[in-house]
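One chain, subunit A, links the two complexes that follow: it is found with subunit B in the first and with subunit C in the second.
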Partner chain A sequence: MHMPVIKSVIRLNDLDIHFVDEVIKTGSEVFGEDVPKTIMACMQCGRCSGSCPSGRRTAFRTRTIFREVMIGFREKVLSSDELWYCTTCYTCQERCPRGVKTTEIIRILRNIAAKEGYMAKSHKMAAGYVFKTGHAVAINEEIQNVREELGLSRLPPTTHSHPEALAKLQDILRRTHFDELVGFDWETMELKEV
Partner chain B sequence: MNIGVYVCHCGTNIAGVIDVEKVTEYAATLDGVVVARNYKYMCSDPGKELIRNDIKEKNLDRVVVAACSPTMHEKTYRDVMEEMGGNPFLFEMANIREQDSWVHTDKDEATEKAYDLVRMAVAKVRKNEPLERIEIPVTQRALVIGGGVAGMEASLDLAEQGYEVILVEKEQSIGGHMSQLTKTFPTLDCPMCILAPKMALHEHKNITIYSFSEIEEVSGYVGNFEVSIRKKAKSVIEDLCNGCGLCQEKCPTKVLSVYDGNLGMRKAIYTLFPQAVPRIPVLDRENCLMFTKGKCGVCKKVCPTDAIDYEQQDEIVTEKVGAIIVATGYAEYDPSEIAEYGYGRYKNVLTGLQFERLTNASGPTLGALKRPSDGATPKRFAFIQCVGSRDVNTHEYCSKVCCMYTVKNARLLRDEHPESEVYVFYTDVRSAGKGYEEFYKISQEKGVKFVRGRASEIVGLPDDNLLVRTEDTFTGNVIEAEVDMVILACALLPTEDSAKLRDILKISEGTDGFFLEAHPKLRPVDTLTDGVYIAGCAQGPRDIADTVVHAKGAASGASVLISHTKMSLDPISAYSDESVCRGCGECKLVCQFGAIEIEPLDGRLIANVNEVLCKGCGACVGACCNGAMTIKHFKDEQINSMIEAAMEVA
Partner chain C sequence: MEEKIYACFLGCVIPNRYPGIELSTVKMLRELGVESVDMPGAGCCPAPGVFGSFDLKTWLALAARNICIAEELGCDIMTMCNGCYGSLQEADHLLKGDPLLKDKVNEILAPEMEYKGTINVKHQVEIFTDDIGIERIKEAITVPLDGLRVGVHYGCHFLKPSAVRGHGKAERPGMVDALVEVTGAKSVEYKDKMMCCGFGGGVRTRDLEVALDITREKITNMLDAGVDCTVNPCASCHLQFDRGQVEIGDIFGDVFNLPVLYYSQLLGLAMGYNPRELGMHKQNISTDPVLEKLEGLK
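Then we have the complex of A and B:
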């Protein structure tokens, strides 16, 4: 026997109608106000979702997220796994007929989500590599060969060539409390819980 | 000098912010003011009656009204002055609404500012001089530029009123875009059938058509324009040609037909369509073998009336008219810049106008539904809406007609080919108009599938089929539809040569590039150049029904002007002091109305202002290096009196 799916009526008054203002305010710190406030012009046409290479494979729906932000589904948006499925390819932002800076706004939402403790596991893991190597994606043999073929030094002028700079980077990560944000354990040099 | 000051409340528009009682009391203290009053609505009959009574009883010779912008009501009060036997230019308005109560919230400061504005207006009115309006003759003929449905309608309305009309059309036939269409919403009547009675206008005794012609130059002014028209060489002697069509039948050269959306061929000597008016063909010199290779001559050989003239030259004709109606229509957006739709790359992606030609009985396939890539009969169709419209990356405005013409085409497909699958990918369906929503509903009932999602991209498949991808925003699913043909509902744009015409006529265009009306609501067919009117899509996208209404409005506007033999103009114009002017010509350079000529006088040069052309903008006054230029009603001492008053403290 199938149980009926219960969907209750949502009272708009119970939602956080100021969430979109929070998004714009938070986003302004990084991008300036002109970028995040473009969300106000979204007309829900769906061109973003239809253009999304991730959305063709996952439940990520750019348009739906913008709608939920506009109407105030704060917790739902910030805690959603889908928020982290965007590959930041910028196709939707290129095509948006209302000039909404879609990809930037997804990044802003992630910033807010991370502060609330909702960072996707894969992103935390990538951050862990930054702590350990100074790179989210550390160099490998293959890339080193390509660099050599192109007439570059085998290692780029980063922490790869300057291991002594890693300590300085780690100091920055500590002082900006990035370690707390991703839950990095300096003792084990691993994430606290993965 | 007896000055009356009248402070308007404008309901709460002014009185809600400004203390009108205080302003009135203050005005009464100013030099020369014998009466100051306030009233709820000065522009109402009782309000005007207050002024009339005071003019009579207190012998007012000058009046100040502190109210709204002079563009709103200056004329109202000038008329009161005139009616009471006074001079309408011994009047000033203090704008305490747009420049004060509407833009300030602090009541005390706004009231202080009203003191200043009233004091300045009183200072100015004291210095005002009586002026007489200029009377000019009016040529009772009209020029209509563009022979589409708008131009035809306007021409007919004027001609039927008894005015001579000169109709100039750049193509070889009148008819415009409407002649290209298959059927029209919401009645599904045949455009050529309903257009034909109007195209018969070439037989009207009051209408002269110049086809294959363009406006070269316009000089003169309202009521008195002189227009140079370039009649481009058709290589066909119009008086001899009987329109038999033998030349185009026998011509060996085939060229892609722009009229048919490049989907079919035409000859090098051709008419646009079977019902063309005039029926005279035009020889396309870029493709005719006589011009490219220097040999052929078939058309000349077969012509029974010897009407072919390879040597024919362009001809410039001049016409005098009192009014000009611009009805130049629109151009269809070229969607190839939206790369993800693949127009130009995928043969089976068409524009809306191309689809009209493809389904038209006199189109390239004689109405048979065949797709361009392989001539196969398409069965699955996708219509994509808002291509180049409602898009900040291309054109922000809504093109207004695309929803309905797509609904029309989609419904026709379901009607005539019941086995077809028809999808419409849309952002919103805008079906406002008489019978339009009902028409939309019928199309749904007939099985057109409306998908609420702006098409994201079109993927070309190896068999020339197309995959349209978007989100169905109602269910939240990313969806794909494989179809045989895609039709893009392309934006309506200003015509390619509209900027040239704008400069010739000295009219303005809006940010969207369409010609700008004098007021969006109250003067929708006028331009800011007196005597020049706009009709139809030249002013902005609109459908046939609205175009006809607009054209009738423009014809009415023009006939209000040319129904008089004389008219009077505002006397506020510039003049040059001959004793000071040294004829340097700086004023002529800055005058955008062509009102200034540098002319010889007693062996030297001086600037001479045509007071009819002059708009009183003051650019020449600023440019004049030795103070020879003055504008009536805005003389230095008049402006200075206001500045001095502004510096005083209440």
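Then we have the complex of A and C:
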């Protein structure tokens, strides 16, 4: 008689069976309950993974992530690199036969992951530009010259030309505690740990 | 056509990387009777898949701040990037549909600003299609681009999520193809035409190789179908295809040299503008092969 090979053991104590409720609650704050609650309708058919441009070339499997959320693999889902391979193209959400708002749920999971400290340094740096300039992609000398050559103002009429508007934007980032999430230091106007 | 003035939302990639998009769009719309005004102090939209992934509340508040600037102007917003459109349109949709959410956001914006929900957010494709109309554009074509083979790239966030955007099903749209074909060019079918460019969701920032591998697949599919150039209505996709080809060369070694045109640049050529007036010479990948092809077809 062959003994089955035990590849991994899942201990119930390691699972967070309330994780799916946490996802629904977090998502409800912006989308309302109807959007995140659709995860309960997932029947694991895999059309999401089959439609995924990132899944074609990485280990990102939308279906797997949703199953793990339902089972309660909180830590595994939130710490995974795969969670960040979604380009938010919405193909899976459009095609889901059960109406699961897949892409929105991925964004909600990422919000929780960011809060748990899993925001990549490169993402913090991109966010840092918004703190400093109001733009995720800021102007540089070369493009200022191009703008001038094309007959446009050297600086666009955005926060780049309006410090008072930038101050208001920065005020919003303080009020939503985005500075704490990203680790932005207002004194040095840089990220705390780069 | 009713006189309409739009609040021109620039975002980041357009003014700070591809000012030719701003230049050509404003010029073409003006020539076709649509005016636009600056949105003083507008900032990052902010990117829906990037900032929306970090913190949805911050994303929403920053988007609402941008919408408030247009509300003050009393104008609907015109966007030239699917990311900006996606962000502002989704934020507007959420805030119009949920009074409690609106109150929460207004607490963050107070006291200087208040989101009221008095304007709409439009993509330039909608403005060309609905406000101006294909017939009127047709009348303005002076140099038809007959014989030019175009790989149309829609991008994702103009059409999706379709339940929020409201432009119909996203699998086989026709709006951008129609706008391209009115110039005389042919919109060529190619494999996985509706696939993402790879830019979005913070993938470009966090995992550039993954993003570029998607871009490379799309470009290969277009070239297999024999296109002369790719045309898009989105500044982020535009950057991913244009700047991305340089990065693909560095990382994977592929050299495609596929010219990348923003829609209003293509239209500008058909309306008799010089490529330099459309900022086409200020991109990474030369657009000269398009001009040579058109010259050869004369």
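One rule holds for everything that comes next: the second predicted complex is superposed on the first by the 160 of 194 C-alpha atoms of A that agree within 3 Å, B and C clash if a C-alpha of one lies under 4 Å from a C-alpha of the other, contacts with A are read in each partner's own complex, and residues count from 1 in each chain.
Here is the rule we go by: a residue touches a chain if its C-beta (ideal position, glycine included) is under 8 Å from a C-beta of that chain, and two chains touch if they have at least 3 such contacts.
From a predicted model like this one, the values you see are computed outputs, not experimental measurements.
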First (subunit B), second (subunit C), both or neither touched by A:Phe31: second
Of subunit C and subunit B, partner touching more subunit A residues: C
Touching partner for A:Ala127 - first (subunit B), second (subunit C), both, neither: second
Partner chain in contact with A:Ile10 - subunit B first, subunit C second, else both or neither: neither
Partner chain in contact with A:Arg175 - subunit B first, subunit C second, else both or neither: second
First, second, both or neither for A:Met40, with subunit B first and subunit C second: neither
Subunit B versus subunit C as contact partner of A:Met189, first or second or both or neither: neither
Which of subunit B and subunit C A:Ser49 touches, first, second, both or neither: first
Common interface positions of subunit A, toward subunit B and toward subunit C: 56
Residues of subunit A defined as touching subunit C within the complex: 29-32, 53-54, 56-58, 84-91, 93-94, 101, 103-104, 106-108, 110-111, 114, 119-120, 122-123, 126-127, 130, 134-140, 143, 146-147, 149-152, 156-162, 164-166, 168-169, 172-173, 175-176, 178, 181-182
Partner subunit B, residues of subunit A touching it in the complex: 43-52, 55-56, 61, 63-64, 95, 97-99
Interfacial residue positions of subunit B with respect to subunit A in the complex: 340, 386, 390-393, 427-428, 452-457, 469-473, 476, 478-479
In the complex, subunit C residues that touch subunit A: 10, 12-13, 15-17, 19-20, 22-23, 38-44, 46-58, 60-62, 65, 69, 94, 98, 101, 108-109, 112-113, 156-157, 160-162, 169-171, 194-196, 198-203, 205-207, 210-211, 213-214, 217, 279, 282
